[in-house]
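A, B, C and D label the chains in the order they appear, each numbered from 1.
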Amino acid sequence: MLKQEISIQADDFSLADEVVLLEKDNVTDGAIVTFTGRVRNNNNGNSVTTLTLEHYPGMTEKLLAKIIIQAKERWNIGRVKVIHRIGKLSIGDQIVFVGVTSKHRQDAFAANEFIMDYLKVKAPFWKKEQITDDGQTSENWLDAKNCDTDKADLWS
Amino acid sequence: MLKQEISIQADDFSLADEVVLLEKDNVTDGAIVTFTGRVRNNNNGNSVTTLTLEHYPGMTEKLLAKIIIQAKERWNIGRVKVIHRIGKLSIGDQIVFVGVTSKHRQDAFAANEFIMDYLKVKAPFWKKEQITDDGQTSENWLDAKNCDTDKADLWS
Amino acid sequence: MIKIVFFAALREQLDCAELSLAADDAKTVDDIKQLLSDKNEQWQQTFSNASLLSAVNHDMVDGSHLVKSGDEVAFFPPVTGG
Amino acid sequence: MIKIVFFAALREQLDCAELSLAADDAKTVDDIKQLLSDKNEQWQQTFSNASLLSAVNHDMVDGSHLVKSGDEVAFFPPVTGG
């Protein structure tokens, strides 16, 4: 079955629609785990108003495909979907979705978390925050967090 | 905020509606992890047609509440929802939903998996399968799996 | 009186969902099990299953747990939800 | 020719998204970095950042990776997606 496992898009996505696709004609996989990441209203104590997401077209898709292949080699999973949004996002907006189905819930949980951990440290996305602080608006690129790198290392 | 974290119900549930409730007016939790369990079409090689779920009213709710309290003590999580269906279910039907929000994805993943692992071995639900094998229909209660008990032990 | 309830396969094997015992007849959960086992061969066989679980007032307990009048004591097989 | 692309904070610091180099000028990714650093003080400072990452034809590589004509070489800061 041909299916689109990866989507990099400016448009919003519907968790419900994605889950329908993951479950459709799929009676063997009793477990489905989803992760959804959204824009929070604060980061390091500053008040985030909007977020701009940039990526490296071509490399992003290639890297996410690699991560999915690795996840499938490691765990007994069925279907996978990864969506990452780009462009300007507001507080509460969905940024990222990972959905994994499996016969076994452990595999669905582990593969989903693995994909998110690797996406965080490997996939070429960059976030720029627009911040309002004491009425002043400024912009800055987010720094990578060491804890994300450490967490991805746990899987190796 | 008063909210209904646990629901034992015969009716189906909507993943989308549950996620809306978990995210509503919740701009601090950037991560949401959901688990959905559905009736598979086979178990140990037999062909399952339907499943009947029985529970111990009162004890179920008490136990699930305890599991949620433990998860909140262990991880920095926001909102939690646990739904478990009872009664007669068909292949592909949703059985169980666990949704957890958090500021940090690790906590949302860990708490969700913890709740599912404990629910599996502690919550007083019992499944009876209606099986068709060579045209013969029979019924039998599922045996508990040792691997579930082992997995829950990992958290202690 | 102590209320005794049975679930799932256990309830079907015993063909009984619920019964009552005089509180004076049993001090512990194990005492109740013994009383029920003494009923007849079917009950004895059912209660000889080591994997049987017990709860008192909705909390899991072991056999040495003390029971008193007004308690609800439940017996059931290992759980299989989720 | 080798195509060089820059992303995110790096692109803004350099005020440059893309440029080309003659393939003869550089054997490795480190050679390219050196050439770009030599441009001026701003570029030197930017490329002295040890956390800078590089990719050739969409695969992450280290500085010793060999480059050839037709390659797309990318430089960018640590990623912050998800």
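Everything below uses one rule, namely that a contact is a pair of C-beta atoms (placed from the backbone, for glycine too) under 8 Å apart; a residue touches a chain by one contact, two chains touch by 3 or more.
Note that the structure is a prediction, hence the values are computed from the model and not measured.
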item: Those chains which touch subunit C and also touch subunit B; value: none
item: Separation of mean Cα positions, subunit D and subunit B [Å, integer]; value: 49
item: Length of the line joining the C-alpha centres of subunit A and subunit D, rounded to whole Å; value: 26
item: Approximate Å spacing (C-alpha centroids) for the pair subunit C, subunit D; value: 73
item: Residue numbers of subunit A (touch at least two other chains); value: 37, 105, 116
item: Overlap residues in subunit D, where contacts from two or more other chains coincide; value: none
item: Chain pairs in mutual contact under the definition given at the outset; value: A-B, A-D, B-C
item: In the complex, subunit B residues that touch subunit C; value: 37, 53-56, 58-59, 62-63, 84, 95-96, 116, 119-128, 141-144, 148
item: Sites on subunit B touched by subunit A in the complex; value: 14-16, 19, 23, 27-42, 91-92, 103, 105-106, 108-109, 112-113, 116, 151
item: Subunit B-facing residues of subunit C, complex; value: 5, 7-9, 12, 51, 55, 58-60, 74, 76-82
